[in-house]
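For reference, the structure is listed below as structure tokens.
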Amino acid sequence: MPAQPEPTLPKPALPDHRSAWRRRLGDLIFGLDTPLARAYDVALIATIGLSVFSVMVETVASLQPVFGRVLRDLEWIFTVAFTLDYLGRLISARRPWHYARSFYGVVDLLSILPSYLALFFFGTQYLLVIRVLRVLRLFRVFKLTRYLSEADLLGEALRASRAKITVFMVTVLSLVLVFGTLMYLIEGPKHGFTSIPTSVYWAVVTISTVGYGDISPQTPLGKLVASVAMLFGYGIIAVPTGIVTAGLVRAQERRRLDACPQCGLTGHEPDARHCKRCGALLRPAAPETEP
Amino acid sequence: MPAQPEPTLPKPALPDHRSAWRRRLGDLIFGLDTPLARAYDVALIATIGLSVFSVMVETVASLQPVFGRVLRDLEWIFTVAFTLDYLGRLISARRPWHYARSFYGVVDLLSILPSYLALFFFGTQYLLVIRVLRVLRLFRVFKLTRYLSEADLLGEALRASRAKITVFMVTVLSLVLVFGTLMYLIEGPKHGFTSIPTSVYWAVVTISTVGYGDISPQTPLGKLVASVAMLFGYGIIAVPTGIVTAGLVRAQERRRLDACPQCGLTGHEPDARHCKRCGALLRPAAPETEP
Amino acid sequence: MPAQPEPTLPKPALPDHRSAWRRRLGDLIFGLDTPLARAYDVALIATIGLSVFSVMVETVASLQPVFGRVLRDLEWIFTVAFTLDYLGRLISARRPWHYARSFYGVVDLLSILPSYLALFFFGTQYLLVIRVLRVLRLFRVFKLTRYLSEADLLGEALRASRAKITVFMVTVLSLVLVFGTLMYLIEGPKHGFTSIPTSVYWAVVTISTVGYGDISPQTPLGKLVASVAMLFGYGIIAVPTGIVTAGLVRAQERRRLDACPQCGLTGHEPDARHCKRCGALLRPAAPETEP
Amino acid sequence: MPAQPEPTLPKPALPDHRSAWRRRLGDLIFGLDTPLARAYDVALIATIGLSVFSVMVETVASLQPVFGRVLRDLEWIFTVAFTLDYLGRLISARRPWHYARSFYGVVDLLSILPSYLALFFFGTQYLLVIRVLRVLRLFRVFKLTRYLSEADLLGEALRASRAKITVFMVTVLSLVLVFGTLMYLIEGPKHGFTSIPTSVYWAVVTISTVGYGDISPQTPLGKLVASVAMLFGYGIIAVPTGIVTAGLVRAQERRRLDACPQCGLTGHEPDARHCKRCGALLRPAAPETEP
């Protein structure tokens, strides 16, 4: 079977009009099954890591005079390599336009553009760090079939808790606005709370329990209100945690209670594919990308 | 059916003595069902957001000379708009006095008062940030029927855990008092622990893991006691988290175990309204505001 | 029935040799059932709060000249009141010696001693903050019968998780020692890591996510190791939280699965005293102090 | 029965070629059953604690002149004691080479090497803190049979959640890289974000909610982006917590649902060894080290 662009689900009926060498190239670049295809993906991920690392190192002033030249050369090598990879994907994909508009297609393009833009505009080369997003491909390469079900569970739990999480976020944002304004009125500009936006920034720093200390209350009343804000921030973290956990527990349970379509047995493990009593298929195979 | 004031539960038997145009105005302002009523609510929320934003921006010193004039004009436009909205609600509500004393009624009044007070007293205009509380209305506008059950679950879990949460809060407050006094005795005023209230403030900053660093222990013994306080604060957050989570899990389970009144089947999903086997109504419809 | 000293469990067979007025005094001081006894407890708690508050205020330098005299007088009034309360408890308790050695007896003594000691030794008066521990009595006064079962559940969950919590604490302490020593070797005394104990203090500040910033890494390697320590501290908080939560969920479930001794029905609510089907007593009444 | 080296599982069929005195020495050093063997382990743990403590104290500049000489002498006594212990273990182990390569064997060697190396290289003596890892032996000494099952549960839950935890860690690392680079572009070197690695360090400090404050955003846009990073860090801690908790709950449940092989009863407690109805053995004894 020919290679498929990454984000599409298997559509067995789709005709494949690619020539033989494009199929083979697609098998190499998009595939996961042959040793060569896996080696290509592993090499790609290593190159991405190295490239991100070199962009980071390039900004260290003390290393600039020593490695500056080498790093700039390396960057062009990486850019050329990623450009070839991008063109290869465009050519060998069964539906090139579909790939180009997919998440991975856009990331792949964005990870080479900054280098070319840096020829004309200064500063854009740091955007190359966007290449780190290409590493997300790693999940596809290393995540085995049995992991898919587990990751699904997490997504399912988060989706099911969406309403509760929204309620929580709006509550936190309201708290931050109210405490920020209060502190602006209490402490005022001469104690570092120069404006309401700055005070709201202080409230975020405090309620999230980060606590830089760049702005901190000076007056007794300010310290009292800040203490209340801290205890709020300390305590309400229990709410999203409880929401996500209860969602996960419920997703687990629901799956365990899925009855076998043949014999009706429930209590299957989350990663079970077949009924443990009669062997019937419990749920259709997860949509995986097959070449 | 005529519009109802926001916080009242549906009382079908209540006679409606409002004239036709007041009913229509009520449908527009309090309603959620017609496109026009929804558009009114969305516009209101956008105005609230803009108004809060402009109050915040007004306090930024560097923007004052540029936008100062525009912002002051905008504020009066918002105030007039909110005043008209408040009067409209008072006029068109089925029970005006009931609305005026409700949570939303009080917030609506408080969100216009500061502007008028600022004509006489300086500084009160910052209280306009209270307008942000009007955004809570957003939940009513966007929260769909199926979300109500989820939000109920969260409230139910928190209510059920009230006793345990109180125990936790009293424990934290005692810890904060004891550690604060200890540090005042150990470190003393010359290391920044100028009084017991200040030391208690330090203890709150430390136990909530905020850690500004504006006051920090200097002596070896102080550092040792502070380390114990930190590990306490780090560890006991597990307790409220556990309480809320266990409460949520139990609320879920209890709901799942609710037996169908007709066929006795249990194990319904939290958001199920009808029995999945026989279709009987599982629980009465949630109290929602219908026009 | 006569009053009982607080910490003893009901022993109906114990003979009561107290005279009538001592019984009546005991009913007032230790009792919870009559309005007068409750009023006594509420007044006591208010006095404790006021006393703790006055000790705290006394240390504020700016208030010293204004309220200093009043506060010192107040302190002696509180001390005399608490001394009378202590003597009253000693006299009216059914088993005075048992009360004197109980937790509350020791706290009651410790909350009056510092005032007398301060006549001879300077500084001991701040120990009066220990009076805050007397507020724990509040639980006894306000905690109603139905709360007892809930609090039991929390204690049961924590006790059941003792082994796992110990494993976690030893892990955190080892991490703190290892990271502290590493940073001492990497950063050294000239970047603030003056000794291994100081470095271990830094590690506690970091792993508990408090982060004062009084000591922070300066070298690139130090920042890298510190980042690893932070991510460790950030992540492993999930472990005690998971332990406590799973313990609570299990304690709930175990209770729900307790079969009725008469009809065998399980699935009772945690706070159920009687079987919901046949009405049989599910478990003996919680040990409460009855006068 | 003769002593067994610590990390090996019981292999009853393995022949024992050790002479009588080596067996007796092994019983003393590796054993846990006789009072003498327990006393040896307790003494060893006390010595480890003292040794770690003395290494820590040695680095405190103010104590150096007073205790310096004593501490250096003590260190050599500890080193000799641990060397003898190591040799004794090598001699008396049933399979010396197996012990030497085991975790405990390597730790035991590493905890004596630095002292000898310090004769030639300066600074290596601080590595003696690695001795703290020997304290892990403490679990073996004090953890009773009934705790093993509980600790297993924790390990089982963490192993089962491996995939989800990896997803979380990669997400956090990506966030840290993206936010770090963003802040480098926004704030730049003149506000303390001197390079991308330094900015990533700042992002770790912020997202883990440690918040030293050694680097903090100065520009309005920087503060906005930092606020988003903080709220992210504050919120996503719910995810690993939920994962670990759900894993623990499921491990508990799975164990509780293990059916008795004889009568089929489920719902046994996690620490049950025998069926509570028919007494049949539920699961084979945990692999413990028996002499």
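For reference, chains read A, B, C and D in written order, and residue numbers begin at 1 within each chain.
Heads up, the rule we're going with is that a contact is a pair of C-beta atoms (placed from the backbone, for glycine too) under 8 Å apart; a residue touches a chain by one contact, two chains touch by 3 or more.
Predicted model only: the values in this text are computed from it and were never measured.
Set side by side, B-C and A-C show the greater C-beta contact count at B-C. At the interface between subunit A and subunit B, under half of the residue numbers appear on both sides, which makes the contact a different-residue one.
Put simply, the C-alpha centre of subunit B and that of subunit C have 30 angstrom between them.
Once the centre of each chain is set as its mean CA position, subunit A and subunit C turn out to be 43 Å apart. Across the assembly, subunit D contributes residues 197, 200, 209-213, 233, 237, 241, 243, 245, 249 that each touch 2 or more other chains.
The touching residues of subunit A, when paired with subunit C in their complex, are 209-213, 241, 245, 249. The residues of subunit B lying in touch with subunit C in their complex are 163-164, 167, 170, 174, 177-178, 181, 184-185, 189, 194-197, 200, 206, 209-213, 216, 220, 223-224, 226-227, 230-231, 233-235, 237-239, 241-243, 245-246, 249-250, 257. Put simply, subunit A touches subunit D in their complex at residues 52, 55-61, 123, 126, 129, 132-133, 135-136, 138-139, 143, 147, 150-151, 153-154, 157, 169, 172, 197-198, 200-201, 204-205, 207-214, 233, 237, 240-241, 243-245, 247-249, 252, 267.
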